[in-house]
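I've put the structures underneath this note.
What follows is chain A paired twice: with chain B in the first complex and chain C in the second.
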Partner chain A sequence: MEFFLQLLINGVSLGFLYALSALGFVMIFKSSSVLNLAHGELLAIGAFLFLLLSAWAGLPIVVAFVLTLVGTFSLGFVVERLFLRPLIGENLIEVIMMTLGLGIMFKGLLLFIFGGDIHSYPRFLPESLTLQLGNVQIPSVNVAAFIVGILFLIVFGFFFKYSNQGIYMRSVADNQPAALSLGVHVRRVFALSWAIAFLVAAMSGIVLGIINGINVHELSAIGLKVFPVVILGGLDSIGGAILGGVIIGLLETFTGGYISTSLREVVPYIALVIILMVKPYGLFGLVEIERV
Partner chain B sequence: MRRLHFHPCGNYRESYEEELAIFETDFGRLWVLIGLVLLFGVIPWVSSQYMLYVLNTIGIYAISAVGLNILIGYTGQISLGHGAFFGVGAYAGAILAQRVGLPFILVVPAAGLVTAAVGIVFGLPSARLKHLYLLIATLAGQFIIEYVLLEWESLTGGPNGIIVGGATLFGIDLGNDRAFYFVIFILFAFLTWTGVNLIRTRYGRAFIAIRDNDRAAEGMGIPVFPYKLLSFGISSFYAGVAGSLYAYYMMSITPEPFNLWLSIEFIAMIIIGGLGNVPGSVFGTVFIVALNEVLSHVTEYLMNVGATGMAITMAPLREFVFGLAIVLFIIFEPKGIAEVWRIIRSSFRLWPFSY
Partner chain C sequence: MKAFRGEPSIYASARPEDIRAELEVKDLTLKFGGITALNKINLEVHTGELVAVIGPNGAGKTSLLNCITGYYKPQEGEIRFNGENITHLSTHHLTRIGIGRTYQNIELFPGMTVLSNMLLARHIHSRYDMARASVFSRGVRREEIRHRRILEELIDFLEMQSIRKAPVGSLPYGLRKRVELGRALALEPRLLVLDEPFAGMTLEEKEDMVRFLMELNEAWNQTMILVEHDMSVVMSISQRVMVLDFGVKLAEGSPDFIQNHPQVIKAYLGDTATID
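What follows is the complex of A and B.
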């Protein structure tokens, strides 16, 4: 029972990490229906920028955090302008390959600048965030991750549902030509959605960095773990990403605990194939009926 | 003697056969002949040991890239698992050669068939999935195959891999680079020829129809799902043949090289070379392998001149240059090197009256 509880808690906190890293991915998909293969690198960019500003430049945490968000937000604009703008209206495979190429590029650049070592942030989270549930202790970082996740869910839920920009974004993702003909400024929507995705990825990257340490390889590997999570939850659902993350996290820790540790790394992908075969749009994804 | 064909000064085609002809002019035929003579008569005899190694690598990867281009470029089914299929071919070849004891001449096609079967299994999701969903499914396939190769120790030897004995063909030892060069490039020429011609058959046209509009293809009476599976099978067959050649050439295999990065390299090859263009996949392979070699030489050179620290920091630049090449090609020449090559050729042809 003790073991089971331990696995349960590990699974849920791992799941929240996945959920958190999946959020930026879902943002991009929801607002431009682009499958972002560079997501892991976006996480790493945010994490390293924060490291650079907070630990190495010695800025106060709040200032560093705000600067990181501003920096990644503008970086998103730049990247969109330089690399993705020319592809508006092109085939899907070219856009996907572009994100793949960008991912490799960013990874190489980050490794070149920061090396492959693990870095870590100075401790700055207040200890008062630590939760004590019976005899189980939940560290403050995980509580922070939980809060950030819920905050995301609420803020972006409202953003997509009620704000003009959010509605434009959804319309562009749904049908680009129709959105264009109705006067939606598609280019601006694209730019904004990439900027927001960079920003969200940076926030997730920072939280991941606090928990696991910051390492280029590890963060870009998490970028691939995002796929089972978002497929399970539904590609365009933020709430689905959180639930999917928790389920995948639990699946991983329980497989690792009860079956075999080597299977642990693959079990999300096996689940992924099964979900794709049975319910391709996931738990909360928008179902587009299209039979081939 | 029949009349020679030259470039007409307009489009005078009157039948579908003319439209489908591989060689528009007899010069094309001549160039291919010259190319084959160079490939088999000159290059293997004048190349150094190292050059032969590079060429053999190019040949092996090019076979696999042609297969991937049939799947992605012609059928429009994006696959991120080609590197794993290549690995399946390598392992199938190694196991058939070492455990079953088949001769080389049987191992290569048998490995191709085994891989084709595996490829069809992993192509099954394409029944329900399109585009990015299929891409994610093949990505999962990549990880699952990697896991099986590593963990099924009784069959694959786990992390230690399998040692493959030297290949012999009709009593000739294929242990040295030059002998193996001929095997690789004869197979390469044959499979490229098959690939080019496959596209001209009803199967190839069905693939293209599925790529351009699957619902319309279905409406025209093409059974879409079986053809998608066929495309997966054919492309994996190419990967399997290439993989088994790789196993023989490398003499020993471990699960290590057949990772996601290899799949990405294959995709990079066909994007840089030109999607939906068989010669393009060869150009792309040459580009990627040459890029790899040049970058590793730069690193090595820096090591030798004593800048070890710099060499180590330079290593990630390999990935950077790689990504940059993909990005630049997609932005500036989405049709790849094949298109650049066509432009160069036609500007020569039209000189001095080019427009």
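What follows is the complex of A and C.
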């Protein structure tokens, strides 16, 4: 029973991290229908930037954290402006190939600068964050992941529901010409969705870095894991991304705990295949039916 | 039963300077590669006018509208709106200075209700920020009520009371066109640009639409420019007609003048000489 609870808690907190990284992915897909194949590298960029600022530059943790978020957010704008905006109006496949190229480039740059070793952050999470529930202990990292995940999802929920920019993003996702005719600055929406994607990816990169250590290969592999998450939840649904994240997180930890640790990494993709066959639009995805 | 028609107290009571719409297109040339879609087009639209642009398929009608609404950037020439050069302004900016449009193939948010579709057009007039909206403060509430009242006036006007809360995707084509018109009106545009507002409608739907457009123009003094294929409709509602053919302006004038213009007849029906 304790083992079960432990796995449950680990799974849920891991799931929130997946959800968070899937959020950035879904955002780009929703606003511009682009599958961002560089998503894992975005996680890695965030994690390494935080490493650079906190461990190597020796800044206080909070300052380093805020600077990382500001930095990745701005980097999102720069990348959009330099590499993706020139492709607006081109075929979608070209944009997707561009993200693939960008991903490989980022990965190469990170390997060049930081090498392929596993780095780790200085321990900075207060021990008081560690929760003791009966016989089950929840490590402070998982508590932090939980808090960060929920906090960000709430903030983004409000952002999408109530802020003008959020509503613009939703309108562009739904129908671009209509949004254009209503005075929505579509290019800004694209830029903003990339910036936000960079930011949330950095967030989840940092927390994943705390849990597993910071390694270019491992973090960029997580980019691939957003696919089962978003396919499960529906590619265009943010609520679905959250639930998909939690389900995949749970699947992983339970498989790892009860069946075999080597199966753990494969299970999300098995789920991906099954879901695609049974419910191709995902649990909450929009089924597109056109009335002609 | 005829629907109740409330007096449009907010919408129609705009001050004269708020509906001023003086559009001037000068020597406009638009090229796509080697094709000249528009060749030195001149057009003036004054406040309160209803101007129609007609022409055979591929004449460049929609291209002209797309230039005016900022979707295409012309290579040469100039478009001025109320004295301001708007040739290179982007679409979202043009919406804010008062140019609203509808599309030939309806562009709505199909999953949302008629009301939400129209509400979205009000965002350019909303002044509150996210923090105040999240707590729904008094000012926000007051503003929302004002937006809603304007929409209700438009819904009354367009006789859409019964479908107010219906998802747009479930509506028949003709009604969707009406919703799109309502949404464009919710922008409170000075100049309303309509791309084939009657395309694909049944006769009855066309008659309704004609009635709405006439009334908009006459009672509310809405300035409009529209592109249309249906000659009989165009001739009956517009004050001025411009004819395009292969990107060149053939003629411009009153409907009567156009109907008897030899070149226009030639463009539409072919050369009489070749028939006999």
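Couple of notes before you dig in:
The definition used in the following text is that the second predicted complex is superposed on the first by the 259 of 292 C-alpha atoms of A that agree within 3 Å, B and C clash if a C-alpha of one lies under 4 Å from a C-alpha of the other, contacts with A are read in each partner's own complex, and residues count from 1 in each chain.
In this section, contacts are C-beta pairs under 8 Å (C-beta built on N, C-alpha and C of every residue); 3 or more make two chains touch, one makes a residue touch a chain.
Please read all numbers here as calculations on a predicted model, not as lab measurements.
In the superposition on chain A, A:S163 makes contact with chain C only, while chain B stays out of contact range. Contact with chain B, but none with chain C, is seen for A:L109 once the two complexes are overlaid on the shared chain.
In the overlay built on the shared chain, the residue A:L20 is in contact with neither chain B nor chain C. Once the two complexes are overlaid on the shared chain, A:L51 sits clear of chain B and of chain C alike. Comparing which residues of chain A touch chain B with which touch chain C, the overlap is empty.
Looking at the complex, you find that chain B touches chain A at residues 72, 76, 78, 124-125, 128-133, 135-137, 139-141, 143-144, 147, 150-151, 214-215, 218, 224-225, 260, 264, 267-268, 271, 275, 313-327, 330-331, 334.
The touching residues of chain A, counted against chain B in their complex, run 35, 83, 86-87, 90, 92-94, 96-98, 100-112, 115, 224, 227-228, 231, 262-263, 265-266, 269-270, 272-273, 276-277, 280, 290, 292.
Interface residues of chain C, counted against chain A in their complex, comprise 69, 71, 90-92, 94-96, 100-103, 107-112, 120-121, 123-124, 126, 129-130, 133-134, 169, 183-184, 187. Residues of chain A that touch chain C in their complex: 158-159, 162-164, 166-168, 171, 174-175, 177-178, 180-187, 286, 291.
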